[in-house]
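Below are structures written as C-alpha cells.
Common to both upcoming complexes is subunit A, partnered first by subunit B, then by subunit C.
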Partner chain A sequence: MGKSLVVESLSAFYGKQQILYHVSMTMPEHQVTTIIGPSGAGKSTFVRCLNRLHETTPNARMEGSVWLDHQNLYELDPIIVRRKVGMVFQAPNPFPTRTVFENVAAGLRLNGIRNKSIISEQVEKSLQLSSLWDEVKNSLHQPVWNLTRGQQQRLCIARALAIEPSVLILDEPASTLDPLSSLKIEELVEELKSHYTIVLVTHNLQQAARVADLTALFLDGELVEQGSPAELFTRPKDKRTEDYLTGRFG
Partner chain B sequence: MREEQFIRAIKRRKRKDQWYFVFLLFMGFLSLFPLFSVLYYVVSKGWFDLFSAGFLKPTVGTLEMVLIAMVFAIPLGTGLGLYLYESRGTRMVTVVRYTADLLSGIPSILIGMAVYAVVVISTGTFSLFAGSVALATFSIPYLGREIEDQLIASTSAIKEGALALGATNTRALLQMVMPVMTRPLIVAILFSMSRAMGETAPLLFTTLGNHFWPIGLMSPASTLSLQIYFDALSPNSFVQSQAWTGALILIAFIILLFLVAKWITREESK
Partner chain C sequence: MNNMRKHDSDRLFAGTLFLFAVLLILLGLIMVSVMISGSWKSITAFDFSFLSGQIWNPLRHSYGALPFLYGTFVSSLIGLILSTVVGVGTAILLTQFGHIKYVKIATILLDALAAIPSVVYGLWGLFVLVPWLRNTGEPLLKTELGAIPFFNGQIWGVGLLAAGLILGIMMLPTIITVSRKLLDNVPQDLQDGAIALGATRTEKVRMVVLPYSRVGILGAVLLSFGRALGEAIAVTLVIGNSPTISTSLFEPGDSLASVLANQFLEASTHLYLSSLYEIGLVLLIVAVLFHTASKLLIWRVSGRARIL
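This part shows the complex of A and B:
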C-alpha cells in the first residue's frame, strides 16, 4: 500500500555538474504528485534519485535524503529500494526476448519467487490493475512485439506493479504514445492512486492539472513552486511559475 | 498559361529524375564491378581443381585455426565489451578503449611479428596455435568494441528496466540484456571470423605453412590464405592455378558467413 515519500534537501550531480539544488518536498500517500517543468529542468534526474537509479549512471552522485515511511532510502540497499519504489520509463521498454507473461513475471523471478501459482496469480492481478488483462489474456505467451506501443507501456506498468511497490514513478509515460493510449494511461493513474503513492512527470500541463493532487514545478534544477494544481495553475505565488505557465519560458 | 508552365516544370523534373536514376544505376554497377570481376575470375579459374584432395588440408587448417582463435576471442571479447560498457566514464576505460581501437586497426603483420616474438619463440616452433593467437589478437578488441556499441545502442533501456525491478547489476546484465544481445553477438562473431579467415600476413610469422599431413596444433600448418599466397608466387603455372581454387574455397566460406549473418539480422527485424 502507498506510503508517503519525503525528500529533504536533495542535490544531484553528473560529474562536476550540479543538476538539482536542495530540493525538498513531500509526496503524500495515495495521491498523485505531478512534476512539470521545461526540458532539462532535472525532472527525470529527480525521480531517478527516488528509486536510486540515478547512482547507476557513471559519475552520478546525490546528496540529501529520501524518506519512505520513516526509512531513509539512502541507508537501504538500492535493490530493496527499487522493490519499494517502482518505475515506468518514457519509452516502453519491455524485455524483447520475453513473452507478455514473462515480462510481468520478471520482477518476481528476479526477486527469487519461484512458486508458479503465486506468479501466475500475481501476473493476472497486475495485468488487471493496468487494465491490460482483457486485451492480452489470450496471448499471454506471445512475444511482446505483437502489442501496440500503448499496450507495451501498460505492460511496463503491470511489470512494475507485480512486485507490489509502495510508490510508482512514471516518467513521461505517455509522451511517445498516441492521444488515445495517452488518455488510457491517464485514467489508469487515477485508478491506481488508491493503492499507491504516485509520482508522474509530464510535459502536458492539462494532464498535470487533471490528474494531480499536488503539482511541483522544476526550473533549472530548482523546485520553484509546489501546491494543489488549482492554486499553482491559477494563482501562482512565484513570478517564474507565472512566466512558465504563460509560455515565457523554454 | 499558368497550367502550361506548371506541366512543363513537372516534365522537367521528371526528366531530371530519370537522369538521376540512370546515374545511380551506373554508380551501382560501378561499385559492384570489382566484386563481380573478382568472383568471375576466381570461379572461372578455380573451379577445375575444386574437388582435388590438395585443398582438404588448407581448408581444414583454416577452419581449425579460425575456430581455435574464436575459442579465445569470444569469451575474452565478450568480457572486454562488458567491461567497457559497465565501467564507462572511468579513465581506465578510456585508455583500454583507445588501446582496443588501436589493436584492431593496426596492420596485422605487426601483430604477426609480436606473436612470433611471444609465442613462436617461447614454444620453439611455428604452429597453427600461434596463428590462432595472432588471429585472436585482433578479433578480441574488434568483438569487444562491437559488443560495447551494441550494449550502449540498444540495451540501456532494458537494463534500467531490470534494475528498476530490483535486479542486481549482474542479473540485469545476464538475464535481461544478454538474451537481447545474442543475435548482434553472433553477427559480430561471423564478421570477425570472415576477417580472420582471409588474413595472411600475420600467419607468415606464426604458422609458416606446411605441405604435409597431419595438422597438429603445435606444428606448422597450411591454411587457404597461406596456400594462395605461396601458390601464386610459384613459377609453375599449374601451381599458380591452384591459388585460384584456394581463393574460390575461401570466398565461398566468406560468402556463406555473410549470408548467415544476413539471415540472422533479417529474422530480427520481423
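This part shows the complex of A and C:
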C-alpha cells in the first residue's frame, strides 16, 4: 500500500511571495517522516503541495515535481492525487452535518461506491485502524459533535484511511488536542506506518524524535537538514539546526 | 457632588431612552387598535366569512377576501421558488467558481439592484415583462406544459405569473447577498477536508458548503418571502387587479397589499372602507404570523444542527 514519495526542487508561491525554495527530499515507504521547524517555515505549505491542495488557494502556485511510485503527481488529475495522498488537518474538521458513519463513508461515496456492505465493511475497518471503533461502534449514526476533540481527530484519520491512500499526511494533528489525546494520535502513527507512508508535521520536537524514522528541518522556506532523528538531534551538521534545537530561534 | 451629577445625568439619559421604547410599543398598539376599530363594522358584518368569501364586489356590497389571500400567496410563492433557485445558484457561482475580479463587479451591480425602488420594477414589469409574457413566454409555457392546469388558461400577460416573476426578481438581490455572505463564512478547513478526500468543487458544495449554510439560507429565503407578501406597488401594476381565484397562473388576480393600494381612495361606503381596513388587518396578521413562524423554524432547525 505505502509507496515512497519523492520531491524534486519544489518551490511554492502565494502571489509574488515565495514560500518554499527548491526543496528536494524522499519520504520512504512504510516509514514516518517528520517535518519540524518554527511557525512560518513553510511546513504546511510543503505538505499541501504533496496532495495538490496548495493550488486550490487563490493566487497560489508551485514549481518542481512530486513523484509517487514513479508517477509525477503534477501530471495527474488532482482529484486522483488526493485519493492517493490522504490528509489530516491541524484542527479536527469532521463534516458537522453528517453522522460518524457518514463522515468515514464520505470518501467512499465520492469514489462512486454504492454497495452498502462494502461501505460498512470499509467504515468498520478504517475505524479499527484509527482505534476509534470500540468507542463509537454503538453510536455510528449519531452526530459527530458528541465526540471529544481527540475522538474527532481520530475520526478524521479514519475518514482519510477509508479510501486506502498510499500516503497519509498529518499536519500537526495533535496541536489542538489535550496531552492524552495527543499521545493516542502518536501511538496511532506508529501502528499505521506498517501500512502507509506517513508524513507528520509537528512543532513538538520530542514527538518528532519519538516517532520519526526520518526528520527534516525547515527554516524560512528552506529544507535545512534531514536525517535520522538520532543523527539530526544529537549531531546536527548544519549550524542553523543546532541553533534551532538549542532554542536560539524559532 | 460631581459624582452625584453624573449619576443624575445617567438616570435622565436612561429615562429618555426608556420613554422612546415605551413610545414605540405604544405606537404599535395604537396602529393595531386603529386597524381593529377601522375594520370593526366589517368584522361584525361578515365574521369569518370575510376570509372564506370568494366574491369581492363593492357594488353589490359583497366583501370576501379569499381571492386576495390566494393571489398574495401564489404570487409570493412563485417569486420564492424563482429567487431561491436562481439566487442561491448565483451565490454558489460567485463564491465557489467566480474569478475575484468578476465577483467584485457582480457585487456592485447586485447592490445597485437592491436600491431600485419597487415602482420602477413594477413599471419595467408592465412595459417589458408583461408584453413578453403575452407574446412569447406564456404561449411557450402553454404549448410545452399545457397538460399542467397551472399553465393552461387564457393568456393576458398581466396576472399571477407576471406578479410572481416581478416579486422573484425583487427578492433576488437580498437572497444573493445574504447567501453569498453565508457561503463565504463556511470554514476553509471544512472545505479543505472535502477537497483532500478527492471531492470536486461541485461535490464539495454538496457535501460541505450547502449543508453548513442551509439554515441561514432558509432564513434569508423566509425573510424575503415575508417582504414579498407585503409588496404593493410593483404587484399592483402587473397582477391584473381582478378579485378572482383561478388555477391558471396566466389569469389576472389580486393581492392584499395591491387591493389596498388600488381601492382605498375610491371606497365610497362605510362598509367598503371598513372591509379594506380588515384587509389591512389580515395582511398585518399574516405578516406577523409568518415572521414569527419563520423565526421559530430557524430556531428549531438551527437548534438541531447546532449551526449558526
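The working rule: the second predicted complex is superposed on the first by the 250 of 250 C-alpha atoms of A that agree within 3 Å, B and C clash if a C-alpha of one lies under 4 Å from a C-alpha of the other, contacts with A are read in each partner's own complex, and residues count from 1 in each chain.
By our rule, contacts are C-beta pairs under 8 Å (C-beta built on N, C-alpha and C of every residue); 3 or more make two chains touch, one makes a residue touch a chain.
Bear in mind the structure is a predicted one, so any value in this text is a computation, not a measurement.
**Q** Mind checking subunit B and subunit C on superposed subunit A, clash or fit?
**A** With subunit A as the common anchor, subunit B and subunit C collide in the superposed model.
**Q** Touch test for A:82: subunit B only (first), subunit C only (second), both, or neither?
**A** both
**Q** Look at A:91 in the shared chain and tell me whether it touches subunit B only, subunit C only, both, or neither; answer first, second, both or neither.
**A** It touches subunit B and subunit C both.
**Q** Between subunit B and subunit C, whom does A:215 touch in the aligned arrangement: first, second, both, or neither?
**A** In the superposed model, A:215 contacts neither subunit B nor subunit C.
**Q** Once the shared chain is lined up, is A:44 touching subunit B (first), subunit C (second), both, or neither of them?
**A** In the superposition, A:44 contacts neither subunit B nor subunit C.
**Q** Applying the document's definition of touch, where does A:151 land relative to subunit B and subunit C: first, second, both, or neither?
**A** neither
**Q** Go through subunit A and flag every residue that touches subunit B in one model and subunit C in the other.
**A** Residues 51, 53, 56, 58, 79-80, 82-83, 86-87, 89, 91, 93-97, 106-107, 110-111, 156, 159-160, 163 of subunit A touch both subunit B and subunit C.
**Q** Could you list, by residue number, the parts of subunit C that touch subunit A in their complex?
**A** Touch residues, subunit C against subunit A: 100, 187, 189-190, 192-200, 203, 207-208, 211-212, 305-307.
**Q** Sort out for me which residues of subunit B touch subunit A in the complex.
**A** Touching subunit A: residues 87-90, 157-158, 160-169, 171-172, 175-176, 179-180, 182 of subunit B.
**Q** Enumerate the contact residues on subunit A facing subunit B in the complex.
**A** 51, 53, 56, 58-59, 79-80, 82-83, 86-87, 89, 91, 93-97, 106-107, 110-111, 156, 159-160, 163
**Q** Please output the residues of subunit A touching subunit C within their complex, sorted ascending.
**A** Answer in residue numbers: 51, 53, 56, 58, 79-80, 82-83, 86-87, 89-91, 93-98, 106-107, 110-111, 143, 145, 156, 159-160, 163.
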